[in-house]
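Chain nomenclature is as follows: A, B, C, D and E, assigned in order of appearance, with residue numbering initiated at 1 for each chain independently.
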């Protein structure tokens, strides 16, 4: 069990702290800050006592927007990440475990999805979906954006999961479970999945990063969600509102920073997970460090002796 | 960036409603070659190699710089039109025959003579041939007679000011004008095409131009994809002329090189699909709702925050004041309220039978006041205004959801009526006469059932009022000022009450130009043409006026 | 040989799938480019009615074929495609989609190609180095690059433009070359190449900064894993020079998964480059894509999507061939 | 001798794999027509080198592979491939795998591994009864006190302990036959004997039929009653264990016998090599 | 027999490698002393068997002797001396062959040149010791281009072919990639590579464990033949005590990082002193002898 948990170290601590801070910020600050859509404030105020991060062109409080936007982005990110994870699990685990023709077909689909460049596909699908009649406000909701990003972003994870599932499938404990009389579904869920937990978590995190960045990109291109505030729509507002041109850095810098910080924090958590999946990544550098220190200590002793 | 695309459509409609005017005399060109004038007219990369004056995708220099109409109608003044190809014109008593004298000894840029024959050909060609036209003939080399079966008083500016004249010897062999790209345009304007690439094209002075070569020998048009890029290039001395929205113009003009002008003309409105009889759906079909929205708007805040304070105040009579002062019947319709009056708005609703629900939203017969207002992605000022409108309406108990859509999904639903509210730009009439506004936007001849596009006119609000129709028809058939005033008074009274278009602001149209290297730009003192590079005809007039600064 | 056969078959299937997807998408989800074009023409003519011939001709070019089954349409679609006919753009009517793409593609291929190769080589070399020197301060370099990787491309690009191009004037702000110096468009001269190069620096830097971290991380991790492989220990035991052990034994093997993952990463880079092109007004296919999407120009959208996909597939195919050269195992074991 | 009350038999087993390489596939004949019987209370050793097909036979008997042709019969009855009947077969025929580090799921406790087969095959038992049975099983494989081991996870156990857990798991359903596929080859030499002895003890106590698969001639000889030598999918020699080892008939058995390390031949190899090289003494300087 | 062997001075008298009080520690948490004060002497041309179970430190010791300790292992003390090849008329171009070398003191370039030239290793994982992406030829040539930079390509190629022939592999296999060779062939290639520079000592870490017994046998025979012809000394590491007894001159039995017994193969087999040696011997049932401590044997006893 313990080997399935990431080892606590500086990188992980910074990563978890960053993600936790951002999450708390996204969940708590909207309750305290003013309505992010309120235009009752003067426009383009620089950061100051009343508005810690200033205001936008419309007089929206940037801090409030940032908090709500972070929440929106997290929502899109987590949802998109989950959608792509579910698909990746379906394609990856099924292909990996069942093998044979099922594997061939599922992997072909996965590989096709993989080599077809993502964003253009997302753009095409988003353009079609968003203009399809009958969807109403759903067409350009953050839910739809998350779905589109999730549906197009699972292939990479599926490949990773499939490789791992394949290797687990040939593990003797899976054969042993079959001999013991366990059913296929139970073998997948009880014998295989738990050992994939670090990997699945890592894939989910990649999915979240991918979706958050994807949402930002789509929003920048004007294909993002409307009606809800995300970091992407904030950046889009700032960009079209010429925040750069007017020197309103406080409008433009924070959303980008939060995206980068969130991505970096999640990546740091993934480092730790990578080290669980492949312990050599942690052990090898650590071993080198210890060896070096010890050698230095021996040399010192000899020198002093 | 989308702002750039939007200017394209602004140009297109502006061209269609042009007033006539005579070309201000153009100074004789000096032999000195001076710097190239670099322009961003709002186009994005890559450029279309398309100089077809009939194409919606033609590049900007096509209109004004290369091709010209007969007369130039200066939107900024109430002066009569100035002649370009045309020398003078005359309309007969019942308005069915227009006789145009064109200037003598004109030449196309390929050296062929430009005669009345070309003009007559133009009016009989393609989309110019209106159903009302009987004939277009050229009795002699400088006379053109256009005969119609209905009075054309009010179509004067369209016919004379925004029909680009094309050479017969080129176009007589072209049948499918819509899919033509006309990569080697032969025109009559001050410039001819020099070189084209999909990132930039250059026009150079036309030596065969009737007034001699213009002083600025070369003009280069650039393609940019973002307003920010335009602003950056202005700041860094790379761009000499652009018409774009810059929220803080000081940042560009502070250096002293760039001057700016902002002649507001075009009303920005909340367009409502207002006619339930024609199939419009939603609470906005009730005039009381539209009146309430009109009252609750904080136009001052919208102007300041969404439009950076660069707009002018709108009026429900849809006049360009003070240009059209003589047509204003009731001073009360001379300006829309600038600050909100929520109590009045709510009273209007309550009088009409609405009551506030538990969620704070007014409702009638169980149907809440819940509407959607759309604007295109990236039209920041519109998007921002929508957000403010949504917030202001919510404060008064009306839910208006602000949504953005792609460009294409903005225009098509507008024309087919598949919307509830839209932030929309009307184009101000180019002449000092609101007729074209009333005819285009309010007359029922310009509308259609929801689901189909109007065959002509742009009454996308689906407004239909027999009294307004009768008044517009009456105004069209007369040139008597008093009779027109009476007719317009009727129109103004109805549209100010029914509000199919709720005025918001009169839109800013900022132009930025290099005053250090070029002189002769229009100014408040001498508004000889609107200095926006994307306007047809006017941009050509400005180009012909400019002079490089000698160094 | 079997490996190449298999890969070729895979690419054939993928191309077929991409083309078919491209065919199906607009038919699954309604949207009428002809109606949009007609609306535009109407607005352009200032409310004057359009002649029926014009409407008929636009419908013929842009509208859905009438009276044919989906299968027939599919065959026609393939037929047109094989003749290099991607249709007519509605936002740039009547320009042919093929011509628009032909003008834009070289820019993207050169920019993205160069930036990707640069990023790949940088990432692999740096990753090999960091992995080789594992356990030293270089380890801390790895988390730093993930921050770079997490920055949205366009945001980074806007900041770079604001600071380096506008404030400091070090780089051009927009475009693929200096349109003021070359008003007639691209030409085959040294000066033009220099101009194109200086314009490509900032977009390329954006792509490289945002993507190098991924390569670096992957390579470093593989390098660490490879370093404990027996053949690396053997190589060291053989007394080979460290440089040789690093390059021929460790790095070469460690780079194999990166090569295999090139396709995935390329997709990401292409995605990033689309938004990057937008920021720099770079005259590539990404720009066309964005315009097509905002103008609902379905033909252009499909054409660009298809071309991007085919280009990425081609790049992947080349990588597969390289992969076969570098890893002899795949040549015999499929 | 104990009475023969049950027999697990392999009848004309054939297993052909298809090895795919590109678009071609070449057949690999892993097992070619092998028949034998495992009687309760007796041990049959299957000896051969890797690739000889012995593990494939183990997997066929454990119903992890389906034979291309031929049958597995339990008490003379053809055995099922799915459903309840398969569950019944699994209850009676169990397997111990080669690698105790791989055959136990690192995620689950010792108790889980032993408890699951009990629950699967004896759903009628209450939790307390299951727990008691698990304790009993652990005691029987000498993992005492059972409570101390039950909650541990595989990585907390030594190799020998793990293999004992694996044996307990195999016995858990109440198995009558155990297929032991190289059960000690991954263990340290000093504990192999202990595990084999445990297996032998259990066999006697529980009257098990054991198929002992190994490449090690010495343990095969000592541990089994009957011995089969497999070579490239065929059984080339069979007979009582001592006969086959001490008096091999087939050339392959002889080669195997010859190749096995035998400390009794101390120094013999060196001397033989020296003798063979002496006449060629000059070669040394030529190649050095 | 013992007397006879002791009377062969050319093999046993001259030490080639002296290991003195070597200790190696793994700097993990808590540190593990994998090798504790091991000393022995390897004589010229001798096969010294290093026996012990997994984790006893035998492989760590081998890596320590060859200065190939992987992190986090650290040699905390001891001396390893490789004695010069006096009295042997080897090629005069390798001067340091004549020198006595303090292996522990070697650093950097010196260490690199020492490796393989004087002590080579054949690793346990015959499957993975060869670089999968280089041909056998490239990997063999590597040894010469690094250690014999003056050697011409043709000579090098000739030498590589000879080496393969020496270990019984078709020289045509030079062009092969490792995955195209069988396990036995790969290990032969590794042995050929280990012979390339005519080293004084060859360390063999379980060189045949992963192979089938018949192949194993032929490779061991090959090693014996080569040892006879080329005269290098071998440290042969395995857990397979019967095998060691059969082929080694002397055997060191290791347990928990210490050598518990060191003696001739005969002594170890016939008269083991340490309890652990006895236990280890008892773990291997005799193939041809009586049934020893096996249960079935016990059953017979009980039955009797």
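The rule is simple: a residue touches a chain if its C-beta (ideal position, glycine included) is under 8 Å from a C-beta of that chain, and two chains touch if they have at least 3 such contacts.
It should be emphasised that the depicted structure is a prediction, and the values quoted were computed from it without experimental measurement.
Annotation of chain B and chain E: jointly contacted by A, C, touch as defined at the top. Chain centre most remote from that of chain A: E (centre = mean of CA atoms).
Distance between chain centres (mean CA atoms), chain B to chain C: 39 Å.
Here the spacing of chain C and chain D, counted between their Cα centres, is 55 Å. If each chain is reduced to the centroid of its CA atoms, chain C and chain E end up 54 Å from each other.
Between chain D and chain E the centroid-to-centroid distance comes to 32 Å (mean Cα coordinates, whole Å). Residue positions of chain E with contacts to 2 or more other chains are 70-71. In chain D, no position touches at least two other chains.
Shared interface positions of chain A, i.e. residues touching 2 or more other chains, are given as 127, 131, 222-223, 239, 244, 284, 286-288.
By the touch rule above, chain E contacts chain C in their complex via residues 66, 68, 70-71, 112-117, 120-121, 123-125, 128-135, 142-143, 146-147, 177, 179-180, 190, 193.
Of all residues in chain A, only 284, 286-288, 290-291, 293-295, 298 touch chain E in the complex they form.
Those residues of chain A whose C-beta lies close enough to touch chain C in the complex are 11, 14, 108, 111-112, 114-129, 131-133, 155-156, 159, 209, 213-214, 216-217, 220-223, 235, 239, 244, 252, 256, 259-264, 266-268, 271, 274, 278, 280-281, 284-289, 292. Listing the residues of chain C that touch chain B in their complex gives 35-36, 39-51, 53-54, 57-58, 61, 91-95, 100, 103-104, 158, 161, 165-166, 169, 173-177, 179-180, 182-186, 278-279, 281-283, 287-288, 291, 293-297. Residues 10, 13-14, 17-18, 21, 25-26, 28-31, 134-136, 139, 142-143, 146-147, 149-156, 158-159, 161-162, 221, 224-225, 227-228, 263-264, 266-268, 270-272, 274-275, 278, 289-290, 293-294, 296, 301-302, 304-305, 308-309, 312-313, 316 of chain C are the ones that touch chain A when the two sit in their complex.
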